[in-house]
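Read the structure below first, then the notes.
Here the chain labels run A, B, C and D in written order, and each chain numbers its own residues starting at 1.
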Amino acid sequence: MTVLSITDLNVFFSTEGGDLHALRDVSFDVPERRIVGIVGESGCGKSTLINAILGLLADNGRVGGGGIHFEGHDLTRLGPKEMQALRGPRIATVFQDPMGALNPVVSVGAQMRNIQYRSGLSRSEKDAKSVAILQKVRIPDAGAALARYPHEFSGGMKQRIAIAMALLMEPALLIADEPTTALDATLEVATIELLKELQQDIGCSVLFISHHLGVIAELCDDVVVMYAGEVVERGTTRQVFNNPGHPYAARLLECDPARQSERVRLLPTIPGEIPDLRHRPEGCIFAPRCDRRAPACEARQSELPLQTGHMARCALAEARS
Amino acid sequence: MSEAVSNPPSMAQRLRLGDIWKATRRVLREPLGAFGLILVLVMIGGAVFADWLTAYEPNKISPRDRFQGPSLDHLLGTDHLGRDLFTRVLHGGRIALWVALFSTAISLSIGIVLGLIAGYGPRWLDNLMLLLFDSIKSFPTVMLALALVTLAGPSLTAVVIVVVLVNVPGYARIIRTQTLALKESEFVTAAQSMGASSARILRVHVMPNVIGPLLILASMDIPVVIAIEAGMSFLGLGVRPPTPSWGAILNDGFTAIRDTPWIAIAGGLPIILTTLGFTFLGETLRDVFDPRLKGRG
Amino acid sequence: MFSYALKRLGLSVAIVSLAMLLLFSMIYLVPGDPAAVALGPRATDAMREALRIKMGLDQPVWVQFWNFFTGAWTGDLGREVLSDRPVAQVVMEQLPYTLALIAGGISWSVAIGIPLGCWAAVKRGSWADRIVGVLSVAVIAVPSFVIAIYALLVFAVSLRWLPAIGAGEPGDLGDQLTHLILPSLAVGLGWIGYIARMVRASMLEVLEAQHIRTARAFGLPENLITFRYALTIAILPTVTLLGVGIGQMLSSAVFAEIVFARPGVGKLVYDAILTRNYPLVTGAVLVTTVLFVLINLLADLIVGALDPRVRSRL
Amino acid sequence: MTALLEVRDLEVTFRVGPMLSRRDIKGVAGVSFDVSPGETFALVGESGSGKTTLARAINGLQGISAGSVSFDGQRIDGLSTGAMKPMRKVMSMMFQDPVGSLSPRMTVGDLVTEPFRIHGVSVDFRAETERLLNLVGLNETFADRFPHQLSGGQARRVGVARAIALNPRLIIADEPTAGLDVSVQGEVLNLLNDLRERLGLAMVIITHNLHVVHHIADRMAVMYLGRFVETGDCEQIFDAPAHPYTAALLSANPEPDPDKARNRISLPAEVPSLLARPKGCEFHTRCPWASDRCSRDAPPVVDKDARKIACHYPLQPGARPPVAEATP
């Protein structure tokens, strides 16, 4: 069963220099109880995608076609009130910056009670639920933690509190926007293991956004590779990482210094820059930087199935049986 | 090695006429900015060309014409000595604008130097200077002016001193805060690691980054300075009669407010229009050039 | 919190002491003999000398400062020249009127400014926001004494809706409040604008913050986000600003008291200048300065009490 | 061959806390290492490990409280700003933020020739700008741009150009790949490798990313709470980390290979505060292998096959943490 299904989503921002086509024809599914990773470098449209799902696009942004289907609703057509009812209980989010994600002048306990405002529970029942989930994310002395304010916790603990808040209402979908990027590498490992444990416990699906290929490889079942606001490749993690079909995905994997287990003096790179999204080329978005560019790349590319569940948006990709 | 060779003017520091024109057009595109600019230009024009704009002398007493209401002969009427108020308002603009520009320039120069020293110098000096700024600021402006004038007597110099005392702590604080932030920035550390002297760091790396916002804030302070001058003259602590000043005219009008209200109106109107003009212009300049400053000051 | 308060108190004492030194050196450095100024041009040399001795001006400068300094800290501000009453007593008699005026000004600015700023921030970019923006800038720009005179002209002289002069009958609260309306509005009108702008700006800043985005992502109701999550943070700089604003309101009060012929410290100082009652001037200036520093201290402590981050800083 | 840079028992102390209860903490707590001419030495550690403080102390931007720093046999610690100035021509530094380390109101041309102006070197600025920009793979048209008009990778190249302007013998680079996308990181590392071969530079690279180190450094040191826990040849350390912390760091950035990714060593507890350094081995609070002895005695630094290790129980190659094996 599919929890979240995005079909041909397009998002535009109106800017002074004209309309910016931030997302073009983005399609992918998040199946039940699976962790789907979204990989991409800066400017690939990861944040816009999250905001579009949550219905929190900036004032100058708008959805220009396509749909986001979640539990029988098309989120692009829901009003603000209905969207607000889904956010929190059904779709929860953990953001990148643990320092900024918690309100500095409201105690942790009050913030967690406020999240449960629709639950109809009494104050002490809400607090009991908060304590239970804080213990799950291994906050020491969880009962006393409710009365404390965010600045009294370390960065790693704040991020664990943020995760606890997100899972408090046992949502169907957890969106994790680079939740470990601001943490040190060794803390990152612990946080990811915790996240995986809780996901299995609650049985939710996770949309996990990261630029860190190693983390994606370890955590995710499926992977979506984004470049300049387009999905260039998607499939199971094994399919994409072992047999990348799109040149960008292939180059990106090669570039990770961690991929080179032998010492090399010349590391692979992707020369060039992301194109100006106000003037999208009609053809393949990666063509200007691609070393396998061919005449066929001038035309609009559609997603080409390589294997069951494995697609690449490249004219040169070949189906594998 | 000569200074000229070691410091060719950088691209960023060269000001071009084209840029000024571009900036003016951006200000004019905003209705509020255009309104402010027109008001300011009218006031400056009136002050500069005062001698050509009216047929009257600002200080000539004419008992026959006392207390005349506004008419075509006397656009704003006349006062208790029969002087034409429109003429006095134009000439009063000279005083107001001169005080505004002169004292703002002095406050800026002192404020920048003190702020750079406080921000970049040793910690103890910074603390001492902050304490000094806070102490000066703890005198309410008018109280400070009153105390000063009691002893030194009313004069334009007293007005300028009061304005400088009021403005310098604020300017110095802004420069200090920004300098402190920049001192920790990587590009200043990078300059230190290259061996640049403190003087060079302040001149080349700090100053260009703090001066722009300060100039905009200072331009927004011009109405405050005009208000201080007018206020002190209103209390009889500024320019001495018979020199025309908006505040003095307002005071004349206030004394006779029940019988001849036009004198008070004539004194207040230029103050309102000028402060509004400079404020609208300053706000627009800030929004156009430095949106980050919004809501500050 | 305790040590924070103690530190702020120490700083306030240092500021007041330094302000005293500044005031004293200003009096000392500015040319002119205070005794001569006080007695006017017709006094004889003998009279001047007698007053100089009485005022302690014959003693060395550091003794003069020490006497001034210790006197001021113990509430002895000297005696005024005309009636020979203690300056402190004269000032304290007038202080309640000025405090009432400033309290009135603050009430106007808080009661109108905060909701207006909050509303403009929530309706950002709308016509309402723009009108509030222009109006706030306009009332900030126009000096309070011009507002006072024009208000007097319109509401008291022309329309005769409100009384023009005085502070009202003692003991008649209604009459006193009616007399307070125009002067306090003149003092507070500009501050309505300041506070509306400040609240709007800090609200916008806070509403952009990541934690507000997080709160939205949890589907919290907009009212809870606006008032509990955003305004509690956005109000903090406004409280600090109000502390500073008291100083400017003290200045405006001088004008309002003169224009509306109200008793108060401002009127007292102004009259003292006209009669060259110089100990009264310095005494009153010192009292307003201490008042200003105390109110700022209070504002900082309020911020400390409202903000857990400051509260826990030792 | 004598060392170009020689650091001995270096300590940096900070005073922290409120006025009444002010305490000293050691940001760098006694480290020693050498860098030979032409060699690249990497300092690796996580935030708060003291690696950036150490770099600043070497460069004289940060006062030191004990130990010594020598450059080419000459003591350079504690020099006055004036006496240090000539040293700054032969030793340059690059900072973390590619854009933020460039003065925002100066053009690229002014930025890369700034070292000449500071040191009063008379050159043809235009020709030098062109030469330096070409050297780092940018063309002359960049000379008129401002930092905010550059991408992270381009800004980093400008930083490199500025650092090599005066032909230094040593470059200290603080997180040269921080904030850059994976595809751009490689470009910067390639550039640094290329320049060091062409110009015979020695480099000290500061980073938290061990895989960056792998491709650029000859020798490395791993820092934890201001001390070196392991120092030695890069290849050797990568083949077989001997200190548990090194092993955990190495595993924390795994290969992007779903079939091989299950080899992480997770460190449960948080990094202790410098105000409360643990007794005994300072890593024992997070070490999966820790025993009683580790919480009692501080381990001495042991020399073993040209490596220095501060651990009671150095790991054997391929060791797995005892806890991780117990739970599937």
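Please note the rule applied: a residue touches a chain if its C-beta (ideal position, glycine included) is under 8 Å from a C-beta of that chain, and two chains touch if they have at least 3 such contacts.
Here the structure is a predicted model, which means the values were calculated and not measured.
Trainee: Between subunit A and subunit B, which partner chains are common?
Mentor: C, D
Trainee: Hey, which pair has more contacts between C-betas, A-D or A-C?
Mentor: Answer to which pair has more contacts is A-D.
Trainee: What is the distance in Å between the mean C-alpha positions of subunit A and subunit D?
Mentor: From the centre of subunit A to the centre of subunit D is 31 Å.
Trainee: How far is the middle of subunit C from the middle of subunit D, if each middle is the mean of its Cα atoms, in Å?
Mentor: So the centre of subunit C lies 54 Å away from the centre of subunit D.
Trainee: On a C-alpha centroid basis, what's the spacing between subunit B and subunit C, in Å?
Mentor: The mean C-alpha positions of subunit B and subunit C differ by 22 Å.
Trainee: Help me check something: in the complex, which residues belonging to subunit C touch subunit A?
Mentor: Against subunit A, subunit C makes touches at 125, 209-222, 224, 228-229, 232-233, 306-309, 312.
Trainee: Looking at the complex, which residues from subunit D come into contact with subunit A?
Mentor: Result: residues 46-47, 151, 181-187, 189-190, 193, 208-209, 211-212, 214-215, 234-235, 248-249, 251-259, 261-262, 264-268, 270-271, 286 of subunit D touch subunit A.
Trainee: In their complex, what parts of subunit D are in touch with subunit B?
Mentor: So the residues of subunit D touching subunit B come out as 56, 59, 61, 81, 84-85, 88-89, 92-97, 100-107, 109-110, 114-115, 117-120, 122, 125, 144, 146, 159, 162.
Trainee: So in the complex, the part of subunit B that touches subunit D is made up of which residues?
Mentor: So the residues of subunit B touching subunit D come out as 1, 5-8, 10-12, 185-187, 189-197, 200, 204-205, 208-209.
Trainee: Of all residues in subunit A, which touch subunit C in the complex?
Mentor: 54, 56, 59, 83-89, 92-93, 95, 97, 100-107, 114-115, 117, 149, 151-152, 162, 165-166
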